[in-house]
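Both of the next two complexes hold chain A, though its partner changes from chain B to chain C.
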Partner chain A sequence: MSPYDLLIAPFAEFDFMKRALVGSFALAMGAAPVGVFLMLRRMSLTGDAMAHAILPGAAVGYLVAGLSLPAMTLGGLIAGVTVAVLAGLVARFTALKEDASLAAFYLLSLAVGVMLVSLRGSNVDLLHVLFGTVLALDDATLILLASIASLTLVAMAAIYRPLVLECMDPSFLRSVSSAGTPVHFIFLGLVVLNLVGGFHALGTLLAVGLMMLPAASARLWTQDISVILLISAAMGVVSGYAGLLVSYHLGLPTGPSVISAAGAIYVLSLIFGAEGGFARRFIPIRHLEA
Partner chain B sequence: MSATSGILLDDVTLGYARHPAVHHLSGAIGSGSLTAVVGPNGAGKSTLLKGIVGMLKPLSGSIGLGNLTRRDIAYLPQAAEIDRSFPMAVYDLVAMGLWKRHGLFGGMGRGDSQRIGDALGAVGLTGFENRPIGTLSGGQTQRALFARLLLQNAPVILLDEPFNALDTRTVSDLLDIIRRWHGEQRTVIAVLHDMDLVRAHFTDALLLARSPVAWGPAHEVLTAENLFKARHMIEAFDPEAAICSRDAA
Partner chain C sequence: MTLKRYVITSLILAAGLLPDVAQAQEKLSTIASFSILADIVENVGGERVEVRTLVGPGGDAHVYTPTPADAKAVAGAKLLFVNGLGFEGWMERLVEASGSKAQIVTASEGVTPRSMEEEEGHDHEGEKGHDHEAGHGDKGHDHGHEVAEGKAHGHDDAHDHGENDPHAFQSIANGKIYVGNIRDALIAADPAGKAEYEANATAYLAKLDEVDAQIRAAAEKIPATDRKIITSHDAFGYFGEAYGFTFLAPQGVSTDAEASAKDVATLVKQIRKEKVKAVFVENVTDKRLIQQISRESGAEMGGELYSDALSAKDGPAGTYIDLFRHNIKTLSAALTR
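So, the complex of A and B:
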């Protein structure tokens, strides 16, 4: 098999592979930077929780309108934002911290979601919502994914300064600006938006993978936030490409293949990462003069 | 700095869940004064700064800032809540001091990098620009935070125990900066524990032990008698405390 057959032909010959590639690129470029800030704010598991929270909204959309893109997207958005805001309010006005309240709400949300899906339809439908359909992206879904990625990048650029400050020195941000709270909620909105985009392509469970795995991998290579953002998006793009190839050649399910590719990059970063990888710890290097 | 009426404290009580930490404090912090806030642990010193900067609403009384706003106050909290594992260089940490000048979107020009360089030079951190903040020692971190304060260019500067766990050389370098601010007519309020340092360098002192013990010129406030009084005024926390009767009058 020539390199062309191995690396390019699947995308040149099959339209559905081309679409899957474009979709996963868009997803990676939007989700990875969001994941970087989730990780830096010690909210890595929040993405996971939010992904579960989206399910009942998507399910309601599905019940009302069948496999309709606008209905499921809108439902997912509403459910995700509701859980995010409720968790935020509970954290501010009760003794519970945000992680505890988020855990409570996403579990409730997931239970309701599974019940709703089972009301109508079979397990196949549930599998679609949970694991996505990256090989069946139509024009509307591609446009949605591209719009979400563009909106995410523009919004992140707009709130970049307060977002960084809110992570690294929240009390300073409070002393110079009142942007902290709105920025927090805009950011959570972007998390939900990207997960909703992700679940069309990869499903709710795997969408988080393309958000968090490249972020965690990139952190192991540099101490510079702007470089981390670039590397993570690049790693997401590479995962999408590699995952689709593996899936095509070995006949494996696509979503999990993409996430496994991101996982492989993560393991390599864990071992060889220049900033805190394993290898640095165990290979003796002589210390410096100063 | 323009002349202002300073910060007016009118019968201020600050605290948490109705329990006062600063109890019925009245007085004025004159514009351009160099005031040390001293007193035992738990006396309400940090609480007072949080009240002035507006992070804590008074339980009663009021804090007047004259013609200043909250944003004119630069505040360095005790053990600043900085996430030192955050992937960021010293240069960027210090550059945050220009927030008021540039806000969310303003671009940084050549003049700004000059200013940042000058601020780093003033605190003795020239050459540290590209170091990740996680690699700084405690003293170097405090120097970097002072550089950020320099860039904030604020008429009022609040420092909460700025010299904790610093060596004498760092303290004396940072003290030079505080004196420079005083020379520029800025109002500086610092929570401190080193009485000799306060006597030597500060014009005014407020001795706090929940209630104010003494307030005035530093050498008059920091007498053995007053300090003895302050040590004995801290009452234990009483969950069943009665409602304060002074407000009723």
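So, the complex of A and C:
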């Protein structure tokens, strides 16, 4: 098999592969930088919790309007934003920390969602619908994914400085500016937005993978935050491409292939990463001596 | 709650579960696992039988989760009709958990199962549906076999379901076997209604024969080489075997396997190579994938086929017979365009 057949032909021959590639690129470029800030703020598991919070909203959207892109997107957004805002408010105005209040609200959201779905009495396999398929992206979904990625990048650029400050030195940020709270909520909004976009392509739970795995991998290569952002987006893009090829050539399910590719990059980074990888720790590189 | 009250309540509850003498005068209480089976039981049982359906219209019996109300109904029923052939994987646990004493009737008893590996019924030479098929010539047969091989390759890893295709009810010849089994089970459970059940079954069998003839007439009008259809889940094997259609599916026989890029690509190539005219969606699975394949390959979207569940009563496929009428109408409309 020539390199062309191996690496390019699947995309040249089939439209659905091109769409899947474009979709996963958009997803990676929006989600990976969001993941980096989640990781830097020690909120890596927040993505997962938010994904659970979105699921019932999307399910309710599906029950109301069928397999409709706007309804499911809107349902997911409403559920996600509600949980994020309530959790944030509770954390800021009560004795509870954000992780505890987030856990409480996403579980509530999940329970209410499951209840609503059962009330409707349909047993069409909702999970099958909610685990979107990256092979079936139509124009509307692609436009949605691309818009979310663009919006995320623009918004991140706008709030970049306070966001970095809040990660590194929140008390300093509080002393010089009152931007901390609005920035925090905008950021949570971006998390929800990217997860909602991701569930159309990968399903909510796998979408978290494309958000967190590249971020964690990139951190193992450098300490410079702007470089981490670039590397993580690039790793997400490579995972999307490699995962699609694996799924095409080996006949494996597509969503899990993409996330497994991101996982493989993570394991490689763990071992060989220049910044705290195993190999570097135990096989010290000789320092330059004068 | 006081102890006395508690004892009384449990006695009342226990009494409700016991077969009550007074109830013998009332309707025979039965359960059918899914909507198609329920419709057949209703037709055979008529006025004497009350049928409760577990997986209702539009539901997917492959992935159904029983509710406590279902378990309660199962516990109280006299007869429990199931399709068998591995269709209701959850049934055994439900019966055990509910502590039901109901007699389980497997409606597909006596049907020659169609194996999943062998797409066309080469093994079943003596089978009922087979002689009818002879008229369509060997051409359709060869095609079917090629297709089966191509598909088997694409699915090797994802596929470890049972060997038998459970969707036997998709051929009317099998449907008639179901009717016979259901009639015999009802008579055994309620001998007093024997004459009525026999009369109902005879009338219903006549109706089924009529529909069978209609389907054959409609199928004859479609050129044999055009009888190739893509559909989202491989539920029409028996239908294809009986009436000379070849069904290709992007997923395996179960609705819960996720398709890989390779499967979809193989299928698109196949559609292009064999010039398949139409792609159909079913009432139970994800339409998005089929839409994508249709867009990719140029085959038309042919409309909705009903496979494992009926539509709502006032929908296009509210009964077992209407399901066949709807499906053959949709198929002919798309393939004779």
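By our rule, the second predicted complex is superposed on the first by the 268 of 290 C-alpha atoms of A that agree within 3 Å, B and C clash if a C-alpha of one lies under 4 Å from a C-alpha of the other, contacts with A are read in each partner's own complex, and residues count from 1 in each chain.
The rule is simple: a residue touches a chain if its C-beta (ideal position, glycine included) is under 8 Å from a C-beta of that chain, and two chains touch if they have at least 3 such contacts.
What you see is a predicted model; the values in this text were computed from it and never measured.
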item	value
Touching partner for A:187 - first (chain B), second (chain C), both, neither	neither
Chain B versus chain C as contact partner of A:105, first or second or both or neither	neither
First, second, both or neither for A:223, with chain B first and chain C second	first
Which superposed partner A:252 touches (first chain B, second chain C, both, neither)	second
First, second, both or neither for A:15, with chain B first and chain C second	second
Per-residue contact with chain A, leading partner among chain C and chain B	C
First, second, both or neither for A:40, with chain B first and chain C second	first
Chain A - residues contacting chain C, complex	10, 13-17, 19-20, 67, 118, 121-125, 128-129, 131-133, 135-138, 244, 247-257
Chain B residues within the chain A interface of the complex	53, 55, 70-71, 73-75, 77, 80-83, 86-89, 93, 96, 99-100, 103-105, 132-134, 148, 152
Complex interface listing, chain C residues touching chain A	55-56, 58-60, 62-65, 67, 154-158, 255-256, 258-265, 268, 284-289, 291-293, 295-296
Complex contacts: residues of chain A adjacent to chain B	40, 158-159, 161-162, 164-165, 167-172, 174-177, 179, 219, 222-225, 228
